[in-house]
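First the structure, which I've put down as structure tokens, then a few questions once you've had a look.
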Amino acid sequence: MKSFPLKPRFSETDAIGHINNTSIAVWFETARLEFLTDVFIEKGDEQPNWFMASQTIDYLGENFFGIEVRMDLSVIHIGNTSFKVGCKMYQNDKQTVRASAVLVHVDRASKKPTPIPPQMRAVLEAELDSNWL
Amino acid sequence: MKSFPLKPRFSETDAIGHINNTSIAVWFETARLEFLTDVFIEKGDEQPNWFMASQTIDYLGENFFGIEVRMDLSVIHIGNTSFKVGCKMYQNDKQTVRASAVLVHVDRASKKPTPIPPQMRAVLEAELDSNWL
Amino acid sequence: MKSFPLKPRFSETDAIGHINNTSIAVWFETARLEFLTDVFIEKGDEQPNWFMASQTIDYLGENFFGIEVRMDLSVIHIGNTSFKVGCKMYQNDKQTVRASAVLVHVDRASKKPTPIPPQMRAVLEAELDSNWL
Amino acid sequence: MKSFPLKPRFSETDAIGHINNTSIAVWFETARLEFLTDVFIEKGDEQPNWFMASQTIDYLGENFFGIEVRMDLSVIHIGNTSFKVGCKMYQNDKQTVRASAVLVHVDRASKKPTPIPPQMRAVLEAELDSNWL
């Protein structure tokens, strides 16, 4: 599990007074890209080519401007051509979001889903949390 | 089922050259609010107080700037205190997104989930598509 | 002068309850691109390569979600390698924004500012409002 | 002069491959709010009520995702009821943006422009850079 801090932007609030639900998707993308960079750069590998097939965001509580966000990311499932990344967000140590995304390994030339090669799979397995909820 | 048109904004693209995945959450929110307004105003009712508990977005194809989007919305499930709204997005009649959100009926005073009253349920049932996929 | 309608997105509001100041820059870009497309496509010309050097936005009044915006665009100054486009925004016929941007004509190959050729200048002059305020 | 770091979000890029011009307005707002908080909290004062009347952004160079941004803010002019804040943005120590905004001191009750009181003016003067360009 890797943690990433984030500062909300004021423009990410909405007229209800809290962070807009769509800004959570922006935060998740930000954390996901940092996570993938960390995971693959740490191993000296080139960043593979991922395509996001799906994401789910559960809103457990409101987020507010002016409070730093902590985002904890893990690999939560590994399939043949894809894997799932999970993200929990916190403000003041209270969990506000649970999100996950399915990322498909796409061959750069054919642009088609391609099995995750063994070395890349080993990198993902090192980050796997099978009990993530 | 109700359809809503939308024009992409250029700032909703990203460096990959297509519409960023997070902009789809913005479009879905836009369509969802128009849908709810239409559904409840048509019946002469006040807009109820909904809280979004969860959303899932499946990315079936890329979206691009410069092409109008059509968003088809339906009620796809009705529970005790919540219902699910489904949204299919199209560019040039090709489906690019399937999304759904769970909206919880919240009492304005107590701010707690509250059963959907019969009249409101009847309004939602008139828009129900039980076979939505 | 050409007019473009726009529907605010809910995510463009902020915690103050109105449209966030940064969303006005998004709306201006949206109108500017439609304006340029209209102006040059109407004449059967290819869209030239513009680089935005500067923009100024004056906030004359608040904008709100749920009200359609009208944006009136004009060419307000033509220089040697650049021109200035002006934009006035209205909600319910009340002006809320005055904005302008300097667009520089850039050669695609050298990526350097290049004089606006006579034919392109004629297209811009047809839209010129020298008394715009 | 006070400096603030910022990490671009991927969704702030556009199809041209760089940071979209409208994201610069978001970054400027983020820095401006941190600057005002710093300036007034340091002196133990309550945050005054500011209304943004105008902003100008000069785009001196492109910004890119994946590179931290440094934003240097100063007070650059003090008037009777308003002041001007200036912001220079840098990536890899190369200046990419020069921006300024006029903030009007608004009375919370009457919602009208009100002269900046002497104590508040002293706080602003301590940050004044009269030669800012």
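We call the chains A, B, C and D, going by the order they appear; numbering starts again at 1 in every chain.
Keep this in mind: a contact is a pair of C-beta atoms (placed from the backbone, for glycine too) under 8 Å apart; a residue touches a chain by one contact, two chains touch by 3 or more.
Because the structure is predicted, anything quoted here is derived from the model rather than measured.
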Farthest chain (mean CA position) relative to subunit C: A
Chain pair with the higher count of C-beta pairs in contact (A-C, C-D): C-D
Approximate Å spacing (C-alpha centroids) for the pair subunit C, subunit D: 23
Rounded Å distance, subunit A centre to subunit C centre (Cα mean): 36
Contacts with 2+ other chains: residues of subunit A: 10-11, 20, 22, 26, 29
Touching residues (chain side subunit C, partner subunit D) in the complex: 20-22, 25-26, 29, 51-59
Subunit D - residues contacting subunit B, complex: 10-11, 13-15, 17-18, 20, 22-23, 65
Subunit B residues touching subunit C - in the complex, by the definition given at the top: 7, 9-11, 26, 29-30, 33
